[in-house]
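Next up: the structures, one after another.
In the two assemblies presented below, chain A is common to both, partnered first by chain B and then by chain C.
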Partner chain A sequence: MPVMSIEAISALVAMALVAIASAVIGSLGVRVARSTSDFLVASRTVGPTANAGAISGEYLSAASFLGIAGLILRDGVDALWYPVGFTAGYLALVLFVAAPLRRSGAYTVPDFAEARLRSRTLRKICTVFVAVIGWLYLLPQLQGAGLTLTTVTGLPSWVGMVASAVVVVATVVLGGMRSITFVQAFQYWLKLTAVVVPATIAVIFFVSDARTFNREAPPQFPERTTVDVRTDVTLQVEESVLVIYDGIPVSWEPGSYVVAAGSRLEFGGGAKVPVVAGAPVEDADWLVPYAGDREGGLLGTYSLIIALFLGTMGLPHVLVRFYTNPDGRAARRTAVIVLAMLGVFYVAVTLVGALSRLYNPQLLVSGDTDAAVLLLPAAVLGSGWAGALLGALVAAGAWAAFLSTSSGLIVSIAGVLSTDVLRSGKVRDFRLAAVIAGAAPLALSLTVTRLDFSEAVGLVFAVAASTFCPLLVLGIWWRGLTDRGAIAGVLVGGLLSAGAVALALTGRVGDGTLAVLLYRPALVTVPAAFLVMAVVSSLTRKRRPADTEQVMLRMHAPERLGLSRDRLAERLRSAGR
Partner chain B sequence: MSALNERSSESTGGTVYEQVQASPEFADLRSRLRRFVFPMSAAFLIWYLVYVLLASYAPSFMAIKVLGNINVGLIIGLLQFVTTFAITTIYVRYANKHLDPAAERIRERIEGAA
Partner chain C sequence: MSTSIDGDSPSMRPGPEDDGAGDDYDAGYDLEGNRVGDRDDDLGPEDSGAVWLHEEIQRRIAAGRRASKGRHSRHEVASSTTSISYVPRHSTATPGPGALPPEPVSTPARGLPRVPAAWSSPDPTTRIPPVRPTAGPGATPDARPAAEGPAPRVEGHRRTMLAGGVAKVPVDDQGAPPPYRSGDLHGVRKARLDAVPIVPGDPDAPDPDPHESMDSRRVRVVLSERRGGARPVRTVVDVQEGTGVGELLRSNLIGAQLAVALRFAVGTALALGALPVLFAVFPEIGRTELLGLRVPWLLLGLLVYPFLVLVGLWHTRTAERVEQNFADHVQD
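Let's look at the complex of A and B:
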């Protein structure tokens, strides 16, 4: 192991401090919120601002923290769709699902499926998809933790993945973590600080700098730069450039070059940056949507928008968080604050990505664009103590992003596994379920190739949008839904989208329209799921549950009528009898 | 309070549900909600799709420089954040102004009948 630099040590210390601070803040509250009733209890004691901080804290994952800046750096304006879609998805959740679902008294999708359609089979299928969606979502989180550790310390990335999985599962198993809204809120503010501070400093440097984006030329290396290529990469060269390739000086003429993993490239100061194939080369193109006729742009973007807009409501950890509001009015206020919080964060991250094009152009060569946020401090402030401190802050933010989302996901997955698979409410079983919930994605993360984080997250949103979105929207807004229809729709949407995701993960899908739809299946799979659900429900009209009218009324009538039976109150009463 | 209401609704069985369901106030509440949620979502999605269409078929318009590095495409892109936030704020205003009073009327009707 190489001797660690000041930067590496301070970043490691910062990451350890975040984990400890989270555990301490979490354990102060004592109460372990694992079940419905704990969320209800929490809802009486938390104000909208703290609550909004918690929702945002859990929602902004490592993929958001690292991935969006990376995509902006590489793809420019086109990548704006990710942050816009993540925010809009939250709006869709608020408009269509949040309030009625709250009133239904169901706290997870499996609960909702059973309460609305009285079907154990549907419940089981939903449980499977909660686990699948949760695991797929955990995958880029673990890889993000791995990348963070590799970038700041130079350790191999599997060390980071294993360490982070162990830390998260341990915090969940030992309790504390999820318990308190304040942990999540603290992590939101930490993440926001960790992007706003470097973004502000970089903007100040940019303003006092003669450089500009507005050129019909590729970006330039600000100084002599060495790039270690970690994965095979194809580069496009538009203006001839001198490069020292593994110690041998060569001149690259315009064209494309394949560079094998493990190679070392050196460029002189002022050299034009070769850019990873498929990304805009010139700065002027990078600033304009779909410049240079990138293939499948329109189709892919439509599909992405649908996935992000409709997928958010199907994410297990997002849905359950929404119950920590005492009533509909507070829930609505919370929603507005959440959107403001998400918006500020995403704009800051976008700025970091854009400025990285000036300060960290070597990432365009190595393909490691996801490391943009982590490397900005050193690139702007140099390697002194100021750069090290800011670097530590950013590493801490990345770690907080990873911790909050992953622990939320593991609690959600473990919750459904322990009630529906292990079939008991025992704490010991919950702990076992948490270990299973963490082990499965860890195994997966060590074996599959890494996609760009935001791309990987996009795939998960597509699965969520093709399964839980039709179930929730039709279940809440259409009385004609039947159990058979719901099962058929969830299976068709789920198998199609998950199949596409699996194919995309193998990394061998080629080019053309089909490839675009495999990477971004939502445009086909979401309408397919809705259609199948509606048609099969109409064919099995007789299977509509007898209490549909009552359930619908309970979901759509205002809470204060007292029609929305608290499932907790019900359970408590039946236990008391 | 909720426990009290629950008991009363249970003792009267389905009648409370049926009463509410049939009441003009409830129909009013539902139509108010639908009148807002569905057109708003449609407008919102169309605004998104228009951006994508402009980007694909009117690239020269999107590339018009407004100020320094900033072009029309970038401005419209950032406006998407603003609109998302604006729609949520409008929804919250609407809910507070139109949905809550409608819900209140239903409550009065029920309690008046009980």
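Let's look at the complex of A and C:
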């Protein structure tokens, strides 16, 4: 890839513009907030639509923007469970958490835990898991930034990781993200545009083309293609293909080949595409679910669905947003609007991923399927100015995806760290916490091998689903929960799932059922956490907090009964007016 | 109460007292929820012992059942029920029914006590803040015999109260007013009190001090508080403080909401969770085309999103209705 082509420059400019626009919107928002006498109450007046935009903007991370299309390109219809699960997680949030959590008045999970169960210990444990989940979630974001920079400019990926971590931490530290709602909402619409436009153009090209997916053959290179392999890959070849391997022409017969990192492969136009191991080779297999003996299969799918469906409610940066709604009703409505916004986005992403198989098959060779969205514009429109412009738009969208999620995560981790660990409300400590919150995952991202973004995010969701989901669901709906039970359940679920994640991250996991469960532990760890929590709570029945009934009532009773403090403040205000 | 999930929001108030429709507050859903302060049977159930409590529960269940039949069928029935349990208590404190012109159906100004226009010669004593005195456990033992006395007409009785403004019944208190109030409730009550101007020099006007108003437990003020909103009604106190009826209402609310949430979750989980098995067991599904797309792609790539949105919308509506029913029961 040539360094600093027109595409590269325009993409860099676009990414810089996104960062500047976010900072400007953020600082304007700060000014607005400061002119309002009561920042907190003002932030509670965020309406459902604006708040839904902010939540969607924060939620659609690099994994959603880049990763899902890449997985669809590689795994086909089986990968559709990722966007479905990411979206359905908000349904679980609507059903079980949104309104009661808003009414509880708590705005982080540790806060909720203490308000409900009156236990400092539980609060500390939850703090630890907020940090763990946040850092694990930041990992693919940083790597996504690295990949984006590498793909569009050719710079090494550590440059992108470091640069992006610095940008995000600096933005948070300088306070530009305080009016995070406006910024996030802006970034949602930017991301949506950056996916819908290329998807639409690609669909137009596809319809005018006579190509089809339904072929009993591997995909073909549309034209002469050069592939740079950046990590070691194992390729499956089903039909013999001519390849120029580091300048030497060879003929690959059917079988599997290991290509070392740093190699350069050249294929002629119309050549059959070798596909990375573990993915369906033929287009016809790619089209149907569970074709062949695909990795994971049914077990993996169900475990994934559980993790995504139940993990969303445990994400620290998502829960904070619901607190900015005026009341529980608005919180529910917000979550429903989020469902719609995510749906629109993921339909477009699905299109991009599927069409990438026609236009960007070389990604199947290099294994860098996460770059599918970034490369689609050039593949469809060519390398002219139109392709460069569209590429810049997409790069800006990827950058927005990365920025919004990372800053949301760093804000929530730093908030928890500064209040619960550094124990002071000083701004200086918050800034220190923000630096820590950004440095830890950066160090991790520079050392561990990169998983597919969606895979990595799936692991995070598994941890969230095994710890905070049981805590929230049982805490909201079951008066029998005790602090001991909650602690036991969170620890069991958290250690099991985090242990599995750690094993999976080492990359030394074999095949078989155990490997599937290590990669996707939710199927075991979520029921285990629920069970432990319920059993231990039943055994420690006497430790139920005395005010359980009042707290539960406040969570479930509609605001008009006047049981909640926030509502009171508002009504006092309107009475005084 | 759980029976009223699918029905309309119940309103167990006497019909003629219906407020105008224009006085709902922001949310627009509580047109029927603002019947605060004029229902005697909201008085502490605990103060009359188990029999009364049982009657109360029966009555509420019956009312809830009626409420599920529809808006028009329930007014008369409900009001008659309410009248019977409502009136006699006041008969100990008020001169009697039928002495005054019918109570005007008015829409009082927001937050201000106001004498209805049709009522001639407004007495200053009627300008009473809408204090809703609350009785703690063990209060008003004298309410019990009255509750079984003959039942005069509701209107007459109310009118009497209007005329008097305040019907203050001496309470032979067994000790100090209940000391415990949760901070919340206290705050809310105080807020309401502060928000309402008090006419000075009115000897009968209850003092806004909560302790004071607790002493004059039998005070009823019917004017002005037709508003919904965050008002600690007697039943709200019940609900919050774990009295019998409160307990029932509260567990009903949480149970009903949980049932709703679980129903939707199980339905969605079955609908989505069946797909992987179906795809695996019947591979031909994956080869079937519909609208030019393979069925799994059509389902998972497109149709699942509107499905999820619809489920979310439907649940939101259902859950809000449960909440409304709860609030109506509590506030009535």
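Assorted remarks:
Here is the rule we go by: the second predicted complex is superposed on the first by the 545 of 577 C-alpha atoms of A that agree within 3 Å, B and C clash if a C-alpha of one lies under 4 Å from a C-alpha of the other, contacts with A are read in each partner's own complex, and residues count from 1 in each chain.
Methods note: contacts are C-beta pairs under 8 Å (C-beta built on N, C-alpha and C of every residue); 3 or more make two chains touch, one makes a residue touch a chain.
Bear in mind that the values here come from a model prediction, so they are computed numbers and not experimental data.
Superimposing the complexes on chain A yields a three-chain arrangement in which chain B and chain C clash. With both structures placed on the common chain, the touch criterion links A:L503 to neither chain B nor chain C. In the superposition on chain A, A:I305 makes contact with both chain B and chain C.
Of the two partner chains, chain B and chain C are each touched by A:G343.
Look at A:A335: by the touch rule set out above, it reaches both chain B and chain C. With both structures placed on the common chain, the touch criterion links A:L91 to chain B and to chain C.
Once the two complexes are laid over each other on the shared chain, residue contacts for A:A557 go to chain B and to chain C alike. Once chain A of one complex is fitted onto chain A of the other, the partner contacts of A:L422 are absent, as it touches neither chain B nor chain C. Chain A uses residues 77, 80, 84, 87-88, 91-92, 94-96, 287-291, 297-298, 301-302, 305, 309, 329, 332-333, 335-336, 339-340, 343, 346-347, 549-550, 553, 556-558, 560-563, 565 to touch chain B in one structure and chain C in the other. Every residue of chain C that touches chain A in the complex is listed here, in rising order: 25, 27, 30, 33, 111, 182, 184-185, 187-188, 191, 194-195, 228-232, 236, 239-240, 242, 247, 250, 253-254, 257-258, 261, 264-265, 268-269, 272-273, 276-277, 279-280, 283, 285-287, 294, 296-297, 300-302, 304-306, 308-309, 311-313, 315-316, 319-320, 323-324, 326-327, 330-331.
Chain contact summary for the complex, chain A toward chain B: residues 77, 80, 83-84, 87-88, 91-92, 94-96, 212-214, 287-291, 297-298, 301-302, 305, 309, 328-329, 332-333, 335-336, 339-340, 343, 346-347, 549-550, 553, 556-558, 560-563, 565-566, 569. Against chain A, in their complex, chain B makes its touches with residues 1-6, 8-9, 14, 16-17, 20-21, 26, 29-30, 33, 37, 40-41, 44-45, 48-49, 52-56, 59, 62-63, 65, 68-69, 71, 73-74, 77-78, 80-81, 84-85, 87-89, 91-92, 95-96, 100, 103-104, 106-107, 110. Contact residues of chain A toward chain C in the complex are 77, 80-81, 84, 87-88, 90-92, 94-96, 99, 287-291, 297-298, 301-302, 305, 309, 329, 332-333, 335-336, 339-340, 342-344, 346-347, 350, 354, 477, 547, 549-550, 552-554, 556-565, 567-568, 571-572, 575.
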